[in-house]
Amino acid sequence: MSEKKTSWGRWGTDDERGALNLLTPEVVTAALGVPTTGKAYALSIPIQRTGVPNLPFRGVPQRLTLTNHDDEQMSISNGGVPGVGSSEDMLVMASHTSTHMDALCHVYADNKLYNGFPHDQVAPYSGAQRCGIDKVGAIAGRGVLIDVASALGVDVLEPGHIISRTELTDTLRHQGTALEPGDLVLIRTGWVGAFMDERVAIHPQPGIGLDAAAYLVEQDVAIVGADNSAVEALPFESGVYLGCHIMLLVDNGIHLIENMALDELAQDNCHEFLLTVGALKVTGATGSPVTPIAIG
Amino acid sequence: MSEKKTSWGRWGTDDERGALNLLTPEVVTAALGVPTTGKAYALSIPIQRTGVPNLPFRGVPQRLTLTNHDDEQMSISNGGVPGVGSSEDMLVMASHTSTHMDALCHVYADNKLYNGFPHDQVAPYSGAQRCGIDKVGAIAGRGVLIDVASALGVDVLEPGHIISRTELTDTLRHQGTALEPGDLVLIRTGWVGAFMDERVAIHPQPGIGLDAAAYLVEQDVAIVGADNSAVEALPFESGVYLGCHIMLLVDNGIHLIENMALDELAQDNCHEFLLTVGALKVTGATGSPVTPIAIG
Amino acid sequence: MSEKKTSWGRWGTDDERGALNLLTPEVVTAALGVPTTGKAYALSIPIQRTGVPNLPFRGVPQRLTLTNHDDEQMSISNGGVPGVGSSEDMLVMASHTSTHMDALCHVYADNKLYNGFPHDQVAPYSGAQRCGIDKVGAIAGRGVLIDVASALGVDVLEPGHIISRTELTDTLRHQGTALEPGDLVLIRTGWVGAFMDERVAIHPQPGIGLDAAAYLVEQDVAIVGADNSAVEALPFESGVYLGCHIMLLVDNGIHLIENMALDELAQDNCHEFLLTVGALKVTGATGSPVTPIAIG
Amino acid sequence: MSEKKTSWGRWGTDDERGALNLLTPEVVTAALGVPTTGKAYALSIPIQRTGVPNLPFRGVPQRLTLTNHDDEQMSISNGGVPGVGSSEDMLVMASHTSTHMDALCHVYADNKLYNGFPHDQVAPYSGAQRCGIDKVGAIAGRGVLIDVASALGVDVLEPGHIISRTELTDTLRHQGTALEPGDLVLIRTGWVGAFMDERVAIHPQPGIGLDAAAYLVEQDVAIVGADNSAVEALPFESGVYLGCHIMLLVDNGIHLIENMALDELAQDNCHEFLLTVGALKVTGATGSPVTPIAIG
């Protein structure tokens, strides 16, 4: 690990937020000046039992709705007002299904989490002692869409297509966008929309490759998101298990957001925007479902 | 219901978003000019088994973390790389615990949801056919903190204190803030912080009363949030079961956000800000846990 | 409903146990004399994520195992003994998946449960006020296997095959078994074993028809179980929605047990046995997963 | 471990059932002759949100009932029959709450499970590869109640009372019961009933001590159950973490059943009976909720 470029120690030996440290008030203030239309976008897909990407080992997301119109035990106190009541839900879901953010503790390599914390700081009941999703705090900054699918003139990249460094830089040039340190970069493959329209299978999936990931590290981005299930291509490039996850999450403290809904941004040719992400503060969690909000 | 002031029909007979329709691109664009410091705030409290407000009938929020360092069945394919692995979670939680947003379908009165939809459009398995949380879309606008606790010079309002219309207007005058149509109004009682510090009990709780709610309706706000469990005071003012919920959610299509973390905004005297809310798109759900993001 | 033969009132107007009332100490004592080999059988199939009958709306049964070998928060007090620890599970599952017993409240007709209780005595949060699984108590009696598949010389009945009254009586004659009041009758179609071996699909399924159900009612049996998902054939005979469920559960208070594992009994030609069923006492539940125990 | 008396290897090096191997057809046949009254007992307590023993880390058992009287998506096909419908539940619960059976893999010592299997054969997602509850099969045999509380003339033993070897043998003599190899021994402290009546706290609890456990091993029993949460006393005798669990489960392959309802047997002076236990076949689970059935 010693020769590898990493961000370990860059923000202190105790840091658990990684590249989110780039999101200074100055960066946020600059990002407030990016929007041009004032249109707001919700960049997530539905959470439901069917029709959305999921892996069997994660079970099926379930919402179970309880209503107290005939169930007095459910309310604090009904007071007997006829026709008045409330409904609530229970949710049972994997944190890494649907649109979600990976905490830095989601992956480890050489038995180490980001910043060198031992991987056994993640345990089944108490969860992550280090680098959990509860450590990310408020996320806001300049979002940049790198719409690779549109730049290549396709609806959706080929299954298994590995996005190269050159495809990223070509797309940016095509769009007229220049990356800056602290950018929240969202990569569009077209996959998730095509999957929900039943035009492609769950596997393989297009996504970035190792050299594209290295490029994003060099540009000093704060987050990488994508409209696929793993940001990186599946199967993994050259068979390197979780290769881009390791480079981004573990080595460089760059959080990932997966299964994002990016088609509406693409339709509007909205490549730069203010982006906010509100991860649920689940204590010790390795990730969180999210609905990032973009303002174009 | 006929004589009551309501917003039913104001945005069309099929509308399921209520006052969120006020958040036009113009309103959002104006809100982008509000921040002065660029500091971002995550306005939620933790989701965890203990130490946070919860009601017994909602069970206990549980995060169960699974790690594949010794569990090959969990991964897509490990490829046998020693020392490399990933961890994920299952979440089991009520949608209306911790910091959460109420969907318009959360409450009904006279057997009707907002806009007159019949209350039986909410069912246990299929959830809400109308006015579910999946209908809210992207939320962004100008946030306004009405810090009643600070204006009254207290850490936390008395248990059961019913905030009046006058207390709201006095606080706004004290702060030098003027409400505008489409504002996302957050009311600070000091309660949730005091509860987590074990200085107050779960019940009773300070919150707004019926006349304060009527004032917010008159001001044409888009959302009302608070740092307590029901926005309105508990027990309900004059014993009117869910009185403010009915006036805001049902009659006027104003979504609520509860158990918000507002102390940091108060400490910074940050009373106006950009606010974004990314509700999870849980199909048919009556609410969603959220971490709203403010930029001051 | 007035002309229909029912057991309503037979055991009192408040009765919630139905035909289980037939299981008197005398009947149980007689059943103790039935076994001839002393071999015990566990008549259930596995509860697991895949490979067993399930319907999508029930989600996927999940077991999530927590181990405290690296998680001190999980134990009452570890005391620091190296190498000592414990593991536990969380279960998330539908009550009506895998091998399970239907409570009498599971189905209603004419808006009535068994014994005429109104169907709205079952509510989402508080569950069943009447005829819940928590009312069944201890179940023991003489079990009788009616092995229709073997009697017809097949491994598994045809998909959708509707077992007739005559097929039941022919099978009993073939086996040399005579039914008695209070018998716990288990009907073998061969289906569940064939399904788990991937030789048949989830639908359609062989099972009893309306006349066979009427025969079992006439014989005054205490329970009907089967090695399929609904005891009755799927699709329902003549399209009568839940026809046999209504006749057995609702009209006559006869509990059902579904997805039973009956192949081992069949292989041993064990047609009469002592049978015990220990339903979990889930307060207000409409059913329970069970592992019935037979002694041959 | 080498000098300690264990049952490792006694039933083969691959054995995962331990002392359940004692339950031969001969033993079961003999047990069928034990009952004298034919009265059946369900030896479990309720599974519900409140009022029953539970530990916070296990969350709250939840039953969520879904009914399709107004929810067509829940049914296979309703066919539009007015007034006909069904209700089901989802269960979310810890396997080791309420009345439950510990699998042999529930505890390990010296990093070993029963029979020397490595403790890391238990993993969060795939569960127990060895000694899981899915390995126990059908359980039937002679049950013996050792009613220590009644023999000592008390309703409930003192909190934390450690039952000694002598108290067991004195109670057996008092009852006129002689233990035999393969007995399913149930020890009554009076605790669970007192807890549910709010007469004692969750902790400490009376239970057996190390010498009593050694006695039961010497008697070659097949199972040990009790009406408390851990069979052994809490806090653990001499502070030995899980001492009796280790001796019984790990060293000698004797399964445990906890939080049993034994008061009705005691009231009837029923000290010998046929006992059956139907553990749910949850693949890889470390335990199962159960309702054991006794016939007196």
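Read from first to last, the chains carry the letters A, B, C and D; within each, the first residue is number 1.
Definition applied: contacts are C-beta pairs under 8 Å (C-beta built on N, C-alpha and C of every residue); 3 or more make two chains touch, one makes a residue touch a chain.
Just so you know, these numbers come straight off a predicted model, no measurement behind them.
The interface with the greater number of C-beta contacts, when A-C is set against A-B, is A-B.
At the interface between chain B and chain D, over half of the residue numbers appear on both sides, which makes the contact a same-residue one. Centre-to-centre, using mean CA coordinates, chain A is 23 Å away from chain B.
Between chain A and chain C, the centres computed from C-alpha atoms are 45 Å apart. Among the residues of chain A, those in touch with two or more other chains are 57, 59, 62, 64-67, 73-74, 90, 92, 120, 123-125. The touch graph of the protein chains shown is complete. Contact residues of chain A toward chain D in the complex are 57, 62, 64, 66, 90, 92, 124-125.
Contacts from chain A toward chain B in the complex involve residues 23-29, 32-33, 35, 37-42, 44-48, 55, 57-59, 61, 63-67, 69, 73-79, 81, 83-96, 98-99, 105-112, 119-120, 122-125, 127-128, 134, 137-140, 234-236, 239-242, 245-246, 274, 276-287, 289-295. The touching residues of chain A, counted against chain C in their complex, run 49-50, 56-57, 59-60, 62, 64-68, 70-74, 92, 120, 123-126.
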